[in-house]
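What follows is a pair of complexes built around subunit A, which joins subunit B in one and subunit C in the other.
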Partner chain A sequence: MKLFPIRGGIHPEYRKDLTSEKAIVAMPMPAALYIPLQQHIGAPAEVLVAEGDLVKKGQMIARSQGAVSVPQHAPTSGRIMSVAEVAAPHPSGLPQKTIILEPDGKDEWGDLPEPIADPFAADPHAIHERVAQSGIVGMGGAAFPSAVKLNLGTQKKLEILLLNGAECEPYLTCDDRVMREYPGEVIDGARIMARALGTPRVVIGIEQNKPQAIEIMTRAASAFPEVEVVAVPVQYPMGSERHLVQAITGRETPARKLTADLGIVVHNVATARAVHHAVRFGRPLVARVVTVSGGAIRQPNNVLTPIGTKVADLVEFCGGFSARPESVVNGGPMMGQPLASLDAPVVKGTSGILALTAEEINDSPTSACIRCGSCVTVCPCGLSPVDMAAFIRKDNLDVAAKLGVMDCFSCGSCSYVCPSHIPLVHYFNYAKGVLRELESDRRKGERIKTLAETRTIRIEKAAEAKRAALAAKSKPAADAASSGNAGEAKATTEEKVNA
Partner chain B sequence: MSSMLIAIGSLTLIGLTLGAILGIAARRLAVQEDPLEEELKAMMPGSQCGQCGFAGCAQYAGALAKGEAAITLCAPGGKPLIEALSAKLGVAADLSGVEDKGPEHAFIVEDICIGCTRCIRECSTDAIMGANKLMHTIIIDACHGCSKCVKVCPTDAIVMVQYPVTLANWHWQKPEVENTPTKPEVVPAH
Partner chain C sequence: MKKSGPFAHGFTSVQKTMFLVLLALTPATVFNLYLFGWPAILLFIVTVGACVAVEAACLSVAGKPVMATLADCSAILTGWLLAMSLPPWAPWWIGVLAAIFAIALTKHAFGGLGQNLFNPAMVGRTVMLISFPVAMTVWVAPHPLFSAGAPGLVEAFAITFGGSIPDTMSAASALGHIKTELSRGIPVTQSIGQMPDLMDMALGYRAGSMGETSALLILAGGLFLMAKRIISWHIPASMLGSLFLIAALFHAIDPTHFTSGTFHLLSGATFLGAFFIATDYVTSPVSKSGQIIFGIGVGLFTWSIRNFAGYPEGVAFAVLLMNSLTPIIDQYTRPRAFGRTRKGEPLPLEGKP
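Showing the complex of A and B:
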């Protein structure tokens, strides 16, 4: 298959060999599971259980709220200890509403929905429904509700389901291992998703640094003519959906549009496997493969982790820390976010937990920009990081927005190459946060204006009604007064007559 | 030939007359509107709370455009609005008296509320729910923090509180980079 070049990008040291040959191992059930109500983009789920309830594995413990939301399920059987505020797996370490489950050790499945007998003859709507009910989100890291993405076929004409097996982040090997160990499940899941989307073709994109995965997946896909495995060049950020689409189809997704507008929907390989489990066995998403790696981890590994396992428990399972970690990262080293606390749980979007030593982190002091232009060369979005950062530094966020800071997806290539160690992505993340806040303030301001206007109109109407009522009231009074006078006059005449 | 001349002549005459009428009308009947006033009005919170001392946002914007009002009068606009007005009008603002507390919203301490409905009548955005002798509460999404209700509450049951930082609105802070100026030292030539 002919491939197309993508702009910019870098070739970091991949360090995938720490875990790439480690087969997936299931970790024993920890003493408690912490299942946050929001592990996805969209509205948080609504709790269905209370303290003391006994739940079975796979039982829905929180239901989805709204169109973009997913339910949460019990990752094992046990008792609900409480619903409390627990630190989220987020750089802020802010608390979030979380269901705490004490496993009973039996790991008994509850009543699961019936498997969909023949998904390729089934109504696509039934597949959406099942994926939505199974709490599946994009497992590459973004954690967008998969059912919403599978629904795109109803609005747009789609040509290709692109399965993302690029895994371009250094260290991470969870997708690689899933493809190597469960190729049949991944391909079956992908074909089911293609059925739901109505796409005639499935393309699986895998970076060339995973030759075994490419070979195994190609062999597994050979039985299905519509499924094609493509080896894509090793170039960070190949795993970004827009860039993978460009590499495979040569079409660039316009800013603020979706790849679906080009007729292509991208899903992660682990998501496809979760769809396979949901459709073929009725099993919701209750566990995922997480790469635990980094120089400070004693035994780096790929671990099948129940959702809600504390990061500390997961690290403990991997032999604990061999050195003091300088930073514990949730996700890959390029786009992952530092974890504020090891008490945060593993969630559906956690692809890796990395404990990095000081040598693995470039923490050199920042110096002045030397105008080398490296950041402009490597930016995969064609932006000019040097200019944007300079404007943001001087609090000129409007100009940065005009230069396209909102189109930056924080891949970190610019920060990686900067010889002056300027925290470029940090500037962009800050600017994006502030701009989003300003936008929401503006929207609130508009809402407030409408409210004030409606109130003014209502008060005026009320005053008008009052005036009208008063006028109506005073009119009969006047009539009565005049008739009263007439009566009086009559009386006087009568009196006169009597007299 | 002559009919052609008549046609050209009459059309020219009609054109000139109508043009003259339109021109005069545009001059005579022009509405005197200050574009600056419109721009300032758009910058106002638009909640018509009246705490600036004017009847509403439009009147305050008008006074500002004429240079008759101070730019520090808008309570709900707060420091960000003062800064924006200062930049727009080129007026130096004295921010010393204005503390930037960040965005706030009103909150009713329900234990103290006696249900007098005074705040409900005061609120210009209908952000307070409640009825006579029943507890009131603030609809935070509709509150814009003008704090008028705080002033009318007879039991001091309303307080202004900061919006909490949540996972939904948290964002990275600006990186602190101590950029030392790297000016080369000039070595005097001997």
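Showing the complex of A and C:
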């Protein structure tokens, strides 16, 4: 298949060999699971259980709230200990509402929805419904509710389901292992998703640094003419949705549009496997494969982890720390978030837990920018980080916005290459946060203004109506006399308007 | 809250970059120090030393960390390039004054590393050239170390610190010679016959500043920097290309007034300028298209100044002129953002890029 170049990008130290040959192992059930109500983009789920309730594995314990939301399910059977505020897997470490479950050790499945017998004959809506009910989110890291994305076919004409197996982040090997160990499940899930979306084609993009996955998936896909596996170049950030679409189809998604507007929907390979489980077995998303790696982890591994497992328990399962980690990262080293606390739980979007040594991070104090232009060369979005950073430093965010800071998706390529170790992404994240807040304030202001104006008009109208009523009451006789004329005049005006 | 990602960093640093540039300059420098002997070595030491001293003084006045900043090697590089652009037997105070102009006035007055508009070494050189035209245009033919007639260390001290160059030793640079002869009404076709042949010019056996001689070793250093991805081809290729093309064009039209493209490439500081001066990160555009515009500008200005201005060599002036345009070039050559038109509007949906 002919591929298309993508702009910029970098070739970081991948260090995937730490875990790429480690088969997925399931970790034993920890003493407690912490299931946050919000593990996804959108509205948090609404609690359905109370302290002391006994739940079965797969039982819904919180239901989705609103259009963009997902339910949460019990990852194992046990007793609800409490619903409390627990540190979130977020750099702030701020607490969020979390269901705490004490496993009973039996790991008994509850009543699951019936499998969809023949998904390829089923109504696409039934598949959306099942995916929505199963609490599936994008497992590449974004954690966007998958059902919402699978529903795009009802609004847009779609051509391709692009399955993202690029896994361009260093260290991470969970998708690689899933593809190598469960190729049939991934491809079946993808075909079900294609059915839901109405796309005639499925393309699976895998970076060339995973030759076994490419081979195994190609073999597994050979039975299905509509499924094609494509090896894409090793170039970070190839796994970015828009860039992968560009590499494979040559089409550039316009700013503020979705790839779906081009007829292409992108889903992660692990998400496809979760869809397979939901549709074929009625099983909701209650566990995921997490790559636990980094120089400070004693036994790096790919671990099938129940959702809600404390990071500390997962790290302990991997032998604990062999050295003091400089940073513990939730996700890949490029776009992952620093974890404020090891008490935070693994959630549906957690692709990796990395304990990195200072040597691996290779940070240095920031020095002056020498305008080498490396950041401009590597930016996959065609932005000028050097200029944006200069304006953000002066708190001139309007100019930074004009230069496109909102188009930055924080891939980190610029920070990675900067010889002066300037934390460019940190600047951009700051600017994006402030600009978003300003924008929402502006919208709120406008809304208030509109409401106030409407209210003024309404009050005036009411007052006028009152005056008119008073006037009508005071001279009913005169009114009665002239009503015929007035009615005629009104009719004339109406005719004019209609003409 | 911790700093956001990435939690990985390439093995690049300002210090490493500067170090590689110095390494790339070393072969040409060592060869030229050998060629011009002890006086050149003394001037080199004085100039680099003065740049480092002035940098330290400026940092300490500005209250910035002195040792940590000196370790970035940028002052050494400025001094090094400055020394290579001076007549090798120039007196010591030329090096010191040039260092003050380069480091204190061009660099630190504008805010230090990364903040200067103009190339410090080139400002140092041109200010000296304009202020002390005689001292800055006394060239000597090569006197390799330990060869017969080459000054010993003691004589070298007299030359560098006493300012006495024996008259018999001076010589004209190639560009200077052509210009002087042309002003006397002698056409290029005739004066070029008295020049060393192009091979000797390429190798460096001729009069000139250290950086002007030995184009081949400079070229080798430049290619090394490209291989190491410290510089890209954009500025050198566009500068050399535009200089060669315009020179070749006019040479074809009127060979009595205009020297050939090859002569322009091999004479003067063309190669040093193309690979080491015009490519200075701080004072050249950041985008690749901007770098091409910049390089073409330097090439054309160099040729114009060499032919029509009062000075025989134009690289330094050309670089400075283009330096002043760098901010505006940068502003107009920003890359097109992903999913947007050049004007910054979202791409239309139907249109393929």
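Rule of thumb we're sticking to: the second predicted complex is superposed on the first by the 449 of 499 C-alpha atoms of A that agree within 3 Å, B and C clash if a C-alpha of one lies under 4 Å from a C-alpha of the other, contacts with A are read in each partner's own complex, and residues count from 1 in each chain.
Basically, a contact is a pair of C-beta atoms (placed from the backbone, for glycine too) under 8 Å apart; a residue touches a chain by one contact, two chains touch by 3 or more.
This is a predicted model, so every value here is computed, not measured.
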(request) Check whether A:433 is in contact with subunit B, with subunit C, with both or with neither, and answer first, second, both or neither. (result) first
(request) Could you tell me if A:444 is touching subunit B, subunit C, both of them or neither one (first, second, both, neither)? (result) first
(request) Could you tell me if A:92 is touching subunit B, subunit C, both of them or neither one (first, second, both, neither)? (result) both
(request) Decide which partner touches more residues of subunit A, taking subunit B and subunit C as the two options. (result) C
(message) Quick one: is A:415 in contact with subunit B, with subunit C, with both, or with neither? Answer first, second, both or neither.
(response) second
(request) For A:396, select first, second, both or neither according to whether it touches subunit B, subunit C, the two together, or no partner. (result) neither
(request) May I ask you to decide whether A:367 touches subunit B, subunit C, both, or neither, giving the answer as first, second, both or neither? (result) both
(message) Quick check for you: in the superposed arrangement, does A:423 touch first (subunit B), second (subunit C), both or neither?
(response) both
(message) Output check: A:209 vs subunit B and subunit C. Expected answer is one of first, second, both, neither. What do you get?
(response) neither
(request) Would you mind listing the overlap between the subunit B footprint and the subunit C footprint on subunit A? (result) 91-92, 367-368, 423, 426, 429
(message) Under the stated contact criterion, what part of subunit B meets subunit A in this complex?
(response) 45-48, 103, 124-127, 141-142, 144, 165-167, 169-175, 177-182
(message) Residue numbers of subunit C touching subunit A in their complex, please.
(response) 1-14, 16-17, 69, 72, 74, 112-115, 232, 281-282, 284-288, 291, 330, 334-340, 344, 346-349, 352-353
(request) Please name which positions on subunit A make contact with subunit C in the complex. (result) 7, 10, 12-13, 91-92, 170, 242, 250-257, 261-262, 327, 329, 333-338, 340, 354, 356, 360-364, 367-374, 376-377, 379-384, 386-387, 402-404, 407, 410, 412, 415-421, 423, 425-426, 429
(message) Which stretch or stretches of subunit A touch subunit B in the complex?
(response) 38, 88, 90-92, 94, 96, 366-368, 392-393, 422-423, 426-427, 429-430, 432-434, 436-437, 440-441, 444-445, 447-449, 451-456
